[in-house]
Amino acid sequence: MTSIQIIFLLAAAGTLAAGVFVVSSPKILHAALWLIVSLFGIAIMFALLQANFFAVIQVVVYIGAIAILIIFGVMLTRRIMQDTGLQLTRFWWGAALASLGIFAGLITMLSGWKAADIALPEMSSSGTTQAISQLGQALVSPDAYVLPFEAASILLVVAMIGAIYIALDRK
Amino acid sequence: MLSDWLYIGLFILIAAALPAAAIIVAGLLGPHKPNSIKNQTYECGIETVGETWVQFKAQYYIFALVFLVFDVETVFLYPWAVAFGQLTLYGVLEATLFILILAGGLLYAWRKGALEWV
Amino acid sequence: MIPLSWYLVFSAALFSIGLFGVLARKNAIAILMGVELMLNAVNINLIAFWRYLTPTQVAGPAFVTMVFATAAAEVAVGLALIISAYRRRNTVTADEIDLLKG
Amino acid sequence: MNFWNDPVNFIGQWLGGLLSGLGLAPSLVNFLLSLLGVLVLAMGSLLFTIFLIWYERKILGRIQDRLGPNRVGPFGLIQPIADMMKIFTKEYITPIGADWLPYNLAPIMAVASVLLLYAVIPFGNRMVGVDLNVGVLYLVAIGGFGILAIVMAGWSSNNKYALLGAFRVIALLVSYEVPMVLALLVPVLLSGSMGMSAIVQAQAGGFWYLFVAPLAALVFFLSSIAEVGRAPFDLIEAESEIVAGFNIEYSGLKFGFFYVAEFLHSFTVSVIFATVFLGGWQGPGAATYPLLGFVYFIVKAWIVYFVLLLFRGSLPRFRIDQMMDLNWKVLTPLSLSLVVVIALVDKLLANVSLLVRGIGLLSSSLVVGFVAVEIMRQAGAKRRREVAPAFEHREAASGSAPVQPGSGGGL
């Protein structure tokens, strides 16, 4: 067991534990905090995979923006802060069975797959820079992803317009 | 490289441990005599009226929302900026279109009065 | 080194936890949080497959950036709907928000 | 390799040799060396804050025609240390109903989010904690933790003023992150890299991005003042408007750490500005003698910090609606158009010499700035015409002659 593996196991355990708290915490604001911990754990995963760009972007977008937005949403609908007791539906055991079933199915699929044990190809520092540059070129290149690139911009703007239209106070 | 991130991780631990240690030391040095009046929520000397969780306006949410959209834009624009030297004029025009679409969204928010602080 | 399967098992577990949150939570915002966990599990998979199997190609990162954009749009609109529903119905419990019944 | 050409690695190798001589494993030696580097950097910047507090109080005193601290020690230099000893012996008062973990985590996170910024700053040639190839975005990401600390402090205090203050601040901080991120895009675009060292290297020979893209530097400077929460944008702690803001329920060193974080952060943004826009450690002879580069770097950062203090000392506070308008209606459209214009001009001038390209970029920046000022002037004039009838009406009622059009133009 190398030190990298220990770091991975610690980060994975922390992320999953935080994820469990996200779905089970009775106080919704605590769930939001645990979500931030969980998202940070995923940033560590990206760092371990040497996907530098996505490690920082995970923090910038998910923790810096999406988590803040969720906290704002919780504050705006704050009456549930007082709610105590388990915030689960009556059929939570069915949901637990379904997710356990999905997990078991995924694991059985993985266990029969040979390529799952290959080692990580080494990537130097210039290699990761190269990967970012490659992504930037592909995003605006006509024979790669220029259409999704523009579509993403339209998606974002449409989402913004729709959300403003829905959320704005009309007096 | 991975060692970069190990260094950052070490930095995170130290940067959290230093202030935490200082807070604990100061807690040991200082007095500790709590009483129920002292621990009341501060409100300029009068007793707190009503709940803490006052209702907020949706305006706060709108600002965070517009911010989120422009923040996600960085995911696309920073790789583009890194690759800028290898791009053709066409690639620059594509990104210009991308920014113009977003600017259109900003203009909508502006016209709609969503950017006013009320 | 860490084998690819570790990441896959990890993301499968995270996906299942998120799924549980989506199915079992009452609060609409908590359901959104569950969706976020599931999307993140997908991102881990995409990045892991990219780094282990096709590190020279660009499909993995490109997909992840699109997932980021989609997640942001989904949260923005989803929360706006929840806030709007809360303002009209004074509830964020998903079962009680059935606008079509009027 | 000798000490003057590469001081950090020289000391590192010397210490490494010493430790290996003790019979330690190479990986352990590496770990100890990084630990030492981190400790030096983090402790150094924390202790440096003590000096910063003294300096800021002294300069502010001079601006306001006072002496500033002058009793404890020569020139009052020991004053912040005395303050520190005082704050160390104060009692912690935790309000009833506070959420223990986030309440105590918030001040730690506030300080850590500033200290962590120093991990990627190049202090000189080959004098950098870690040359991360996504350094610029790392800075933005760590800034997000500072915002998170304010959220946690605000809602864990169980005080409605703390929560209100926190919400105002977060709405402001996230808004000002937009022009900051867009302004940082310009140096990334021009240097073709997100690494801090690469950005400094790209500014060799006096091609500082302050000269090449002055407008981006201005937008970054203004938005980073707002991020730090310094006057004229000090709405984080507008004592006269909200009771004290998000940190109202904190006492003793927990409060002190929010204060430390603010002081250190305002110097840190000066450091970042000097790195990204003023060529970092670049200067005559700095490439061969990194310690000389370190001196250049500190001087540049210090000049920016002094300008920051001048702003603080001389400008009154903005209203919050004015601040939001400045961000969303001036800085954000400006930085969006700036990115487009700089990208287009740089691409069109790709084949000419560096000097011509620099001049082209500079003039395009100036044109954008001129157009922006002109648009703002006309919008202001239009608004004045809209409100003018009301004024004339009032003045006619009070009997004084109406103001001649044109004479009172400098409203």
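Here the chain labels run A, B, C and D in written order, and each chain numbers its own residues starting at 1.
As a convention for this text, a contact is a pair of C-beta atoms (placed from the backbone, for glycine too) under 8 Å apart; a residue touches a chain by one contact, two chains touch by 3 or more.
Just so we're clear, the structure is a prediction, and the values are computed from it rather than from any experiment.
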item: Higher-contact pair (C-beta pairs counted), A-D versus A-B; value: A-B
item: Central chain of the complex, centres being mean CA coordinates; value: B
item: Between chain A and chain D, centroid-to-centroid distance (C-alpha), Å; value: 29
item: Chain B and chain D, separation of their C-alpha mean positions in angstrom; value: 15
item: CA centroid of chain A to CA centroid of chain C, Å; value: 7
item: Per-residue multi-chain contacts in chain B, two or more chains; value: 4, 8, 53, 56, 58-61, 64-69, 71-72, 74-76, 78-79, 81-84, 87, 92, 95, 102, 109
item: Junction residues of chain D, two or more chains touched; value: 131-132, 137, 140, 163, 167, 170, 174, 177, 192-194
item: Where chain A touches two or more other chains, by residue; value: 4, 48, 50, 52-53, 55, 57, 60-61, 64-66, 68-69, 72-73, 75-76, 79, 123, 125, 128-129, 132-135, 139, 152, 156, 159-160, 163-164, 167
item: Chain-chain contacts as defined at top; value: A-B, A-C, A-D, B-C, B-D
item: Residues on chain A engaged by chain B in the complex (per definition of touch); value: 4, 7, 44, 47-48, 50, 52-53, 55, 57, 60-61, 64-66, 68-69, 72-73, 75-76, 78-79, 81, 123-125, 128-129, 132-137, 139-142, 146, 149-150, 152-154, 156-157, 159-161, 163-165, 167-169
item: Chain B to chain D touching residues, read off their complex; value: 4, 6-8, 10-12, 14-16, 18-20, 22-23, 25-27, 29-34, 36, 38-44, 48, 50-54, 56, 59-60, 63-64, 66-67, 70-71, 74, 77-78, 81-85, 87, 89, 92, 95-96, 99-100, 102-103, 106, 109-110, 115-117
item: Residue ranges of chain D in contact with chain A within the complex; value: 102, 131-134, 137-138, 140-145, 147-148, 151-152, 155, 163, 167, 170, 174, 177, 192-195
item: Contacting residues of chain A [partner chain D, same complex]; value: 29, 33, 36, 52-53, 55-57, 59-60, 63-65, 67-68, 71-72, 75, 125, 128-129, 132-133
item: Residues of chain C defined as touching chain A within the complex; value: 1-10, 12-21, 23-27, 29-30, 32-34, 36-37, 40, 43-44, 47-48, 50-53, 55, 58, 61-62, 64-66, 68-77, 79-84, 86, 90, 92, 95
